[in-house]
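Next up, some structures in structure tokens.
Both of the next two complexes hold chain A, though its partner changes from chain B to chain C.
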Partner chain A sequence: MKFLVCLKQVPDSTVRVKVAADGKSIATDGITWSISPYDEYAIELALEHKDGDPSTTVSVVTVGPARSRDALRQALAMGCDDATLVTAADTVGGLDVAKALAAVVKEAKPDVVLCGKQASDDDQGLVGPALAEALGWPHVGMLTKIAAVADGVELWREIEGGHEVWTAPTPVVGLVHKSAKEPRYPSLPGIMKAKKKEIPEKDLAALGVTPGAPRAEVVAMEPPPQRGGGKILKADGDVKALAAELARLLHEEAKVL
Partner chain B sequence: MRPEAGQTERELAGAVRDWASRALPGPRIAASESEGALPADVIHDLGELGVLGMGVPESDGGLGASTVVFALVLEELGAAWPSLAIGVSVNSGIVAGSIVRHGTPAQRARWLPRLMDGSGLGAFALTEASSGSDAASLRATARRDGDGWVLNGRKHFITNAKYAPLAITFARVGAAEEGVATRPGAPPTAHAGITAFIVPTDAPGVSLGPSDHKMGLLASDTSALVLEDARVGSDAVLGEVGRGFGIALAGLDGGRIGVAAQSIGIARAAIERAVRYARERRQFGKTLVEFEAIRFSLARARTEVDAARMLALRAAWLRDRGCPFTREASMAKLFASEAAQRATYQALQVFGGYGYMREYEVERYARDARVTTLYEGTSEVQRMVIARSLVAA
Partner chain C sequence: MSPPTQGIWAIVLLVLTIAAAAVFGYRVLGLYRLLRLGRDESRVDQPWRRLRDEIVVYLGQRKLLKRPYYIRGVGHALIFWGFLVITWGSADLLLRGIVGWQLPFTDTAAYAWILDVFAVAVLVSVVVAVFRRAVLRPPRMHRVPEGYVILTLIGFLMLTLLVFESAAIAATRDELGQLLRVFPPVAAALAPLISTAAGPAIFAGAWWAHVVTILAFAVYLPRTKHLHIVTTLPNVFFRSSRPRGALQLIDDIENKETFGAANVRDFSWKQLLDGYTCTECGRCSDNCPALATGKTLDPQKIVLDIRDQLLREGPKLLADAKAETTAPAHWVATKPDELWACTTCAACVEACPVTIEHIDKIVDMRRSLTLMEGAAPPEAQRAMTNIERAGNPWGEARATRGDWAEGLGIPTFAEKPDAEYLYFVGCAASYDRRNQRVARALASILKSAGVSFAILGAAETCNGDPARRMGNEYLFQLQAQQNIETLNAAAVKKVITSCPHCFNTIANEYPQLGGNYEVVHALPLVKKLLAEKKLTLTGGAAAEIVAYHDPCYLGRHNGIYDAPRDVLDAVPGVTRAEIAPHNRERGFCCGAGGGRMWMEEKMGQRVNHRRVDQLLATKSGATKVASGCPYCLIMLEEGVGAKGVQESIKPVDVLELVAARLETS
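And now, the complex of A and B:
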């Protein structure tokens, strides 16, 4: 089976996000970038197939600025076979990203396209369904498992309190919620092999995509309000009064009692 | 040499740091330290990651990485978990390295995969109760028997013994034995007849003594290896009969780079924790980092860590180019291990009384650091080695 995983490079989850001077974006100077966690699960799901059946191929693609190459390199180091970088500014909207991905998919002709269910930076969850729409392929979300069956694939989705099993013909787009195992770490030999691989680069124009004016726009970003300082009750001997005051505050101010 | 490692080298070390930061959370390490064993799945992971075979040539199925990479990776493992670092240093540096350098194609094909696949960690059995730094005085014996060998003796303080598929074991072949490599007419030297054997730990006559109770590195196994008429085949001899002492010394030279790197990692981790704590802890209305006494102690410790790393990378760089590096490895090991004592001491001072408590990891780093001036040659032995090269005519 032939997998194509679409990934996005996002600020690492350990980064302390700060609002940039323009008030509409985050400051990206010196931050660490990673593969979005749900996309990592998608890679792991595909690589588990490859573990079981070495004839499986796993390709990765991303649409993003030049630094996204590092995320592709990381996916190759995890064991993916090849990677494609579609260069585009950070500001290109989700629909145009989906159109660019659709052009890559049509050329690569995979059986299964996997995306993380949403990117961890903007949490929009737009690109995966839009890609399926652009391709005219079925799409199934919240995947935790995927198995090859006659004439297609069996797809396990997580639902409240259990899971559902769906089948779909291939080709199909799957949106991944989680993999059974945690995503594997890049091995040292994997890193060395990944360094030797060429990552072809395409731009939007070459894929026939002209980015349109954004239909939705971020107007402002604000950090969450600072938390107020804690309150310290002074124990001056009268423990009973202190306990009563504590109970009152928990009830009236904190509203936890 | 460059004062800093190259990008690929740093990327490989960075991958190990990322793995360690996610796969080895503090409570997991604390639990293994009190159990006194390295978890099998962690060793397995290191095999999967390619860490265990990092110094083994690609033609033998390894990564074929440089000694510089080895040093940087060992630093990361030392910073994350010193008990794990020494297990890997012995397995991948000393044991696999000795088989790569001296093994026959058959020995390489049979044993290197076992040292790389994460099913265990190899051991190096040189030390005995009465022979530590004076390794040439070892008493274990080997005699020919049919087409194999029979070994007798008791090896002490053997790192990884419990996890080891094999132990490179040094024993003396009697002067009367055939094939001893002393020149006719030359007086026998102290290390005459010493021979290296690859001893499978499941060979008949091989058993383990009880594990030693140590001050630190509690999860690293240290046990005695007992040889009672242990039988190995003729293919167990590593290198030539009677030439084992050179194999031992070469193994220790490389091992010293590993211990230097481990020491650097320990020192770095202790300082990082001290800095973190000092930024938060307030006394007399100020954070600790606002006190000059604290700032200066951290600055000195960090300077020593960087100096130690440059010494270690120099030794590694020389080794990678086939240049003599014995003196440089001893200098790196001497300075790094002594710097680790000062760094962990200062880090613990920053924590004050809390540093003495087990819940703050700095206490463990301080205990783990202590052995680095002792094993793979004490500081005094390193000074002997360095001085010998200075005064030699």
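And now, the complex of A and C:
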């Protein structure tokens, strides 16, 4: 089976994010970038297939600025076979990204396209469904497992308190929620091989995509309010009074009761 | 008396000796060829130090005479020294028997005396050793029949020696000049039991029995663990010249294709020689905190697994260089669980009488798992990813590394480029709330003593110790290079650390990558500041008993046992207690080294809980347990909490006790 995983490079989850001077974006100087966590699960899901069936191929693609190349290298180091970088400014909107990806998909002709269910930076969850729409393929979300069956794939979805199993014909777009195992740690030979691999680069124009004006705009960004220090109630014998005071505080100050 | 090898008998002896030597040589050559299957590694630097080791460790039996093995150690030393004396005599017997040459000293009365006394000492030791095996049955010693065979051979050698010596006295009792000779005491005491007439026959019989036993011993030896009497000689000579705390560098890592050890060919020849040398005494296992708390790891088994696999697969590999060796996933005996349980505490290395290097083997196999297969436990992978991305194993934000120092007036190197010392804070003291207090304590001590220092703040990154010990040499080297670049750019010459792991890595491992600094752990520095009277402590706080816990990377890995104790003793009001017998070189690990801090511990008892058990068992009345390591502090905190004794005994860092008694001016 042929997999194509679409990924996005995002600020690493360990980064302490700061709002940039313009007040509507984040300061990016000196921060660490990595593959968005759900995309990493998507890669792992595809690679698990490859572990079981060596004839499987796993390609990765991203649409983003030149630094996104590092994210593709990381995916190659994990064991993906090839990677494509579609260069585009950070500001290109989700629909245009989906169009560009659709052009790549049409060329590569995979059986299964996987995306993370959403990117961890803007959490929009737009590109995956938009890509399925642009391709006219079926799309299934919240995947945790994929198994090949006769004329298609079996897709496991996580739902509240359990899971559903769907089948779909290929080609299909799947949005990944989690993989059974944590995304693998690349082996050193994998890292070294990935360093030497060619990563072909395309731009939007070559894929026939002309970015339109963004349909949504970030107006302002603000850091969350500082967390205040907790309050400690002293127990000086009268437990009842203490409980009453706690209830009052939870009701009046914390407003949770 | 002249040897009973007149006429044809000299030829018989010659033939027997040649045959025995041939079998011995053939067997040793076979072992040598197997050894050569291993990876190349140069072990000939510092020849004088190596010769000194030979004298101290081999001839001096230094590593046998250790707590709690003094009695056994003395027993072994007696057998060994006896052996040396007797081997000289044996060589003389053979030479004289065949060609009539005599080795120096062997005809002196003094030598006869020494031989006589040693023969009895060895006999006694043999009896004790048999008693231990048969009756006392030490739990970890492999009790294979081989041990009895060897002991019987040794015992028989000593008996025959005494018999032919006394027979010689008996046979010559009427000769002129007897009265003038000084006889060895035991043989002389036995001689009256033998009649003059029977003397020559008994002499000849015992003499031949003795000589044949020597030859049998030589033939049998290469097949047994008793080969260690031969292999210890090269094994001690070729022991690692690295500081104990330094792991081996993988040189030119970017251009290598395989990493670590997945089969016998991946170990260096010295690692394989270790296998031949293991005496199966079990001392390493006796002292292993992982084994003691019910993990599957057993350091002796690691050494023997490698040896057994070499003996099993080696001949096939010799015959066909391309033959498949057992793949890592099917590593026959050693399982990943065993390897990941190691805290790299070095209790095994410390205990081993024949300088076997257990940690190197374990880390080599971890390297294969991590670097070749990406098969570290998930929590370890998470820690490594965190180091890669955030510069610390906890995955705290890189940018907030220096936040602990905010408002304390501690300059960064950028702000104070001429600072004498860099305080390399380390990940734990930078991010862990409990350990931030230790960093602040050290800062206040340094200020009080007028030491010129600065920190790197957010420019500091993990020193790489956890990554290296989890087998990720590549990540270690990236981290180390990054820090070395930062330190060199700031022209840092002297480094203070409050973490023994930072200390060990920067002092002992960074030089492998070209980072050479004068590194000092805070406790020896504080000791010096106290001695120089740059630091004065006042006795305001109440008197207390404080137990000292030896961190492995201060103690066993770097030999710093006394400085922390001296500092404790200098703190007004503090009475030091020891967690005996698990103190100093027998200190018991807290369970966090070797990257274990970030791995789950599901098997058996937790190592830190055992440590707290030991602490409580001393009933020293201690209300605090002090250490000099952030990992130990975290583990002890968790341990006393889990045992429900956090109200009666508080874990602290020695630095905190000092800082609490600084003279506030």
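Simple rule for what comes next: the second predicted complex is superposed on the first by the 229 of 257 C-alpha atoms of A that agree within 3 Å, B and C clash if a C-alpha of one lies under 4 Å from a C-alpha of the other, contacts with A are read in each partner's own complex, and residues count from 1 in each chain.
In the analysis below, a residue touches a chain if its C-beta (ideal position, glycine included) is under 8 Å from a C-beta of that chain, and two chains touch if they have at least 3 such contacts.
None of the values given here were measured: they were computed from a predicted structure.
Undergrad: Assess the superposed three-chain arrangement around chain A: do chain B and chain C clash, or do they fit?
TA: Aligned on chain A, chain B and chain C clash with each other.
Undergrad: Should A:Gln226 be classified as contacting the first partner (chain B), the second (chain C), both, or neither?
TA: neither
Undergrad: With the two structures laid over each other on chain A, which partner does A:Pro186 touch: chain B (first), chain C (second), both, or neither?
TA: Both partners.
Undergrad: I'd like to know which partner A:Ser55 touches here: chain B for first, chain C for second, both or neither.
TA: The answer is neither, since A:Ser55 touches no partner chain.
Undergrad: Once the structures are superposed on A, label A:Thr210 by its partner contacts, choosing first (chain B), second (chain C), both or neither.
TA: A:Thr210 contacts neither chain B nor chain C.
Undergrad: More chain A residues touched by chain B or by chain C?
TA: Residues of chain A touched, chain B against chain C: more for C.
Undergrad: Identify the residues of chain A that lie in both the chain B contact region and the chain C contact region.
TA: Common to the two interfaces on chain A: residues 184-192.
Undergrad: Give the list of chain A residues in touch with chain B in this complex.
TA: Listed in rising order, the residues of chain A that touch chain B are 77, 184-192, 195.
Undergrad: Once bound in the complex, which stretches of chain A touch chain C?
TA: 12-16, 30, 32, 34, 181-182, 184-192
Undergrad: What does chain C use to touch chain A in their complex?
TA: On the chain C side, the touching residues are 253-254, 257-259, 370-374, 376, 378, 381-382, 384-386, 389-390, 395-400, 474.
Undergrad: If we count contacts the way the header does, which residues on chain B are in touch with chain A in the complex?
TA: Residue list for chain B touching chain A: 8, 11-12, 15-16, 18-19, 22-23, 45, 48-51, 54, 63, 65.
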